[in-house]
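Which chain is which? They are A, B, C and D, in the order written, and residues in each are numbered from 1.
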Amino acid sequence: MFGQFVDRYATDAYGPPVGVLEAIDRAGHVGDLVALDINYPFDSGVSVDQVRTALGRNKLRCSAITPASYSRKFQKGALTNPDPQTRREAIDLYKQAITVAQELGAKYVKFWPGQDGYDYPFQADYEALWRYSVEGVREVAASAPKMQFGIECKFKEPRTHMFFSNVANTLLAIQAMGVDNVGIVFDSGHSFLAKETPAEAVQLAARHGRLTSVEVNDNWRDWDDDMAVGSVHLIETLEFLLALRKIGWDQVILLDQFPFREDPVAAARESIRTMRQLDALLDRLDLEALEAAQDRQDALAAQRLVLDLFLGRP
Amino acid sequence: MFGQFVDRYATDAYGPPVGVLEAIDRAGHVGDLVALDINYPFDSGVSVDQVRTALGRNKLRCSAITPASYSRKFQKGALTNPDPQTRREAIDLYKQAITVAQELGAKYVKFWPGQDGYDYPFQADYEALWRYSVEGVREVAASAPKMQFGIECKFKEPRTHMFFSNVANTLLAIQAMGVDNVGIVFDSGHSFLAKETPAEAVQLAARHGRLTSVEVNDNWRDWDDDMAVGSVHLIETLEFLLALRKIGWDQVILLDQFPFREDPVAAARESIRTMRQLDALLDRLDLEALEAAQDRQDALAAQRLVLDLFLGRP
Amino acid sequence: MFGQFVDRYATDAYGPPVGVLEAIDRAGHVGDLVALDINYPFDSGVSVDQVRTALGRNKLRCSAITPASYSRKFQKGALTNPDPQTRREAIDLYKQAITVAQELGAKYVKFWPGQDGYDYPFQADYEALWRYSVEGVREVAASAPKMQFGIECKFKEPRTHMFFSNVANTLLAIQAMGVDNVGIVFDSGHSFLAKETPAEAVQLAARHGRLTSVEVNDNWRDWDDDMAVGSVHLIETLEFLLALRKIGWDQVILLDQFPFREDPVAAARESIRTMRQLDALLDRLDLEALEAAQDRQDALAAQRLVLDLFLGRP
Amino acid sequence: MFGQFVDRYATDAYGPPVGVLEAIDRAGHVGDLVALDINYPFDSGVSVDQVRTALGRNKLRCSAITPASYSRKFQKGALTNPDPQTRREAIDLYKQAITVAQELGAKYVKFWPGQDGYDYPFQADYEALWRYSVEGVREVAASAPKMQFGIECKFKEPRTHMFFSNVANTLLAIQAMGVDNVGIVFDSGHSFLAKETPAEAVQLAARHGRLTSVEVNDNWRDWDDDMAVGSVHLIETLEFLLALRKIGWDQVILLDQFPFREDPVAAARESIRTMRQLDALLDRLDLEALEAAQDRQDALAAQRLVLDLFLGRP
């Protein structure tokens, strides 16, 4: 979110190129960030040491390494590519990323399988997609039992249909892998896009002991717009943050934004401010009264408690 | 919204039967309502005088009369029914409603053309739908030039596709009618459902001088759930109320809710409370700063002003 | 689908009342049906023997019994109702239905938990919904280990959010039940509504050994319109039927339609005709070529094989 | 659709760079194309003469010139940019394109206002968007009364909300312009995305005398996936082609595809083949029977005529 943004129309990009070291410096300027998710491979010529140094001077740590399993080479899939040789290259890329993650002290390696899926009816053999996905992740995860892995599921984009489409689908596939060190990278925007209720879906992941990481942003619910937190779904974002409290989430919450037309540092600061404000609201929420309302499924009473937080008393 | 609710599953209804006079009394119990939209024909045996008396004892006036052009007889359309005789009956029903509206001092007669449209590909002749719709409304409106009429457009339900599907489509058809006394009944929930931005769409109607009435509620954006105001789209509802100020709307705002599982009187009160609170927030919104932000399309600055209203007070 | 249809607008219904015995006779008139899913309780005064006789004279068997766990009494949920007494009544209703199902030789008892879920943000305790759902179904299923049960999952309606929302969510809950005799009633329309690819989702259910029953219809993908088979999603319906062949489905396929404005017998016949035609197309589909195309994820080649079936060769 | 494709993930693009002259040659290889819509400015150093020559050697003509009013410079809008200087630059770009269009004998200059709109609630002054849009297009169109212009409306992307969002909205704005030489570039995929029925919407544009051009493709209805024609919505595409016959459309139909993972020449050929096949089906459609079915809104009869075309031949 601190790099250069491009899309299929503005092919000259929404701003000038930004290297990984510069992007880390930008993140440092936000002032409130503590950890980053970093893409791998780095720009040509950039070493792990340079990345470590850049993190250090910005008082940031590396939370995750995300292998670029979605570039041109993997356009028909990484772990599910129809070509065995490309599947092998994807696995190799993930394994290299493990080493880098260890060197940078990252908590987990992220699978972002955006190209793994299909676009057209009849294009894919769904059994093969399942098998390749389960076996591919399993092989990578089994190769480093002490490293944690997280699958960032999403309904679509860049494929019109991604295999790891939502939390429940992904949990089923993780179960089939039979490994302990794979969980879900829960992105609240992806949850909106999948028509899940984020609070419910994150509790589902936690209930199964498979919540690896949490990312936040907002969108209009039929595309992954990666907007500032709370900008569209304010009430559901509050409910989501309450769910994080309920499951005892005490780790970092990552921002995942694409501020195409905004300043990325400012966009990060705004989202952080919003989250702090929402957190302060939660401190004032009468949980006992809320639970009592929920115990009778009293929608109006539950909503009133929440709306009065937002709207105040005259 | 104060009557009996039924759907295709709970065919024994969500509560006992409620006659029109009892429904008016319920509305009176809300305590803050001033005007009602009343379906016509009334229950068998109920006279206009009885309705007038019921309104009077509850200090309510009749804002609109809505002919039941969506009952069994009109299941394939009222003004667009393929059968000329049924189209004639629909026109007659609307004309009778004009008399009742006049007797009750209603501001307008509402077209709620829920059965006018189509369900399947290839089912309808779109030219015929256009022609019947334009000619039918024109005939009714021309028969009472001093009465105002409003078309409540909606994307779908009960048909999978309604002819008067959104504000822009309906404005085009109204233009083709060539009459002065037909406008739009703008329902904020229908606007969400049509994927419009309500603030933008209501300004579009007003810009064309065709805003007859305003109704509010909320939903999940792919069905007309008729939920309490602000329960899902809090930010956009605030933006919508600001748009009403901008266009100088000084008439009543009607609630249109279907609280299947809630108490209708309580649901009305909650929505009214929410709207009052939103109105109070608007009083505190720094409009100058907002306009300045909009003048440079500065999304983060505009959002900050609004989010601090909801979240602020540090 | 052979009864009386009503919705929240046409409260006088789309046609006259139809009793269960008459509905069975209508089904018999279709001429090609072999099995029915019958709601329970029957109309007041109708006995199991009368239903059996009606089935017999129409050469139909009872495929499933569906308890009416979605009527007024259960408007806030059946197995997940916040009131323990109502939950108990729901369980009792299901258990009574088991006896009836046994008496009629039904293959399974269907859970159609349309009221089990929530409507508003913050209304529900998602942990409680999960627990009540898992425990409730488990208790019913454990009480009759030789009877099969099927959960018909759906994203929404009548609730804006159903707990058993899609195939993957439901499979996770079934796993948690720890019983062998509960599976999924897969409705292709519900799959479209949940934004699943039906062919992929039915294979997911089958892969987990949990496919109890298959129902078909079509819709516009954001509501459960229960339209005639293939009327909107012709290509995906063909792909779905191919998936049924792949998993070796050799049991009945049930129609689940709500032809509000059409003749139900004619609607059934049309859907059956369409399915027979699609089946004949599948007989002519070059499966070897399709698999070769899928093995390289060649969308254009796979589509060409299918489109040429529909569109013929010049 | 014959150039290089990139998106926000595969920033190394889905294939190597393709210049405009090479793209024209690719189009020539399709073998069945007769006219192209060409972006302007051309690649650096490419002259109008070179483009004309490339068209000539491929037996293609230039149907339209599309100014790149969606590049980095115009990321906050072209004609609606908040900065007056940038709005001026957009107008200048459009005017330059007129000259090029005249030199190449293009039928029309296309407005593709993808950056004109907004992303966030409260970001935009909707009055200003309307005014800038109406005045900007009017100024360009009035500067060349003998040139035709077409606005390609779309619901969203790259903005989350485009101003010219659908056919009806755009017709209203065109009316407000008060010029004769502006119409709509109707893209069937954009129509699906806007939840319009393409057959109905194209007739709406034609009824108002504002149909400038027709483009075709397909998508999954909540994003502009630009897939091959008929790949998802086969029945509605047939209905759309029938609507084109009804309105007497006798001009070219343009393909607008983004075959990210497919060969663009093959993708074009497949779509052309599909359209030819659909056209042949239409020749065999019993129009008299269809009209009779539509005259009674008999969905099953109308569908049967169509489904038997696709499925029949017993």
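Keep this in mind: a contact is a pair of C-beta atoms (placed from the backbone, for glycine too) under 8 Å apart; a residue touches a chain by one contact, two chains touch by 3 or more.
Owing to the predicted nature of the structure, the values given are computational and were not obtained by experimental measurement.
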Same-site or different-site touching of chain A by its copy chain C, using the half cut: same
Farthest-lying chain, centroid of Cα atoms versus that of chain D: C
Chain pair, B-D or B-C, that carries the greater number of C-beta contacts: B-D
Gap in Å, rounded to a whole number, between the CA centres of chain B and chain A: 40
Distance between chain centroids, defined by C-alpha means - chain B, chain C (Å): 34
Contacts with two or more other chains, residues of chain D listed in rising order: 76, 119-121, 228, 231-232, 235-236, 261, 297, 299, 303
Complex contacts: residues of chain A adjacent to chain C: 76-77, 82-83, 118-130, 155, 161, 166, 168-169, 171-172, 175, 194-195, 197, 199-200, 203-204, 207-208, 235-236, 239, 243, 246, 290-291, 293-299, 302-303, 305-306
Footprint of chain D on chain A - complex, ascending: 4-15, 70-72, 75-76, 114-115, 119-121, 156-158, 160, 219-220, 222-223, 225, 227-228, 231-232, 258, 260-261
Sites on chain D touched by chain C in the complex: 221, 228, 230-232, 234-236, 261-263, 266-267, 270, 273-274, 276-278, 280-281, 297, 299-300, 303-304, 307-308, 310-314
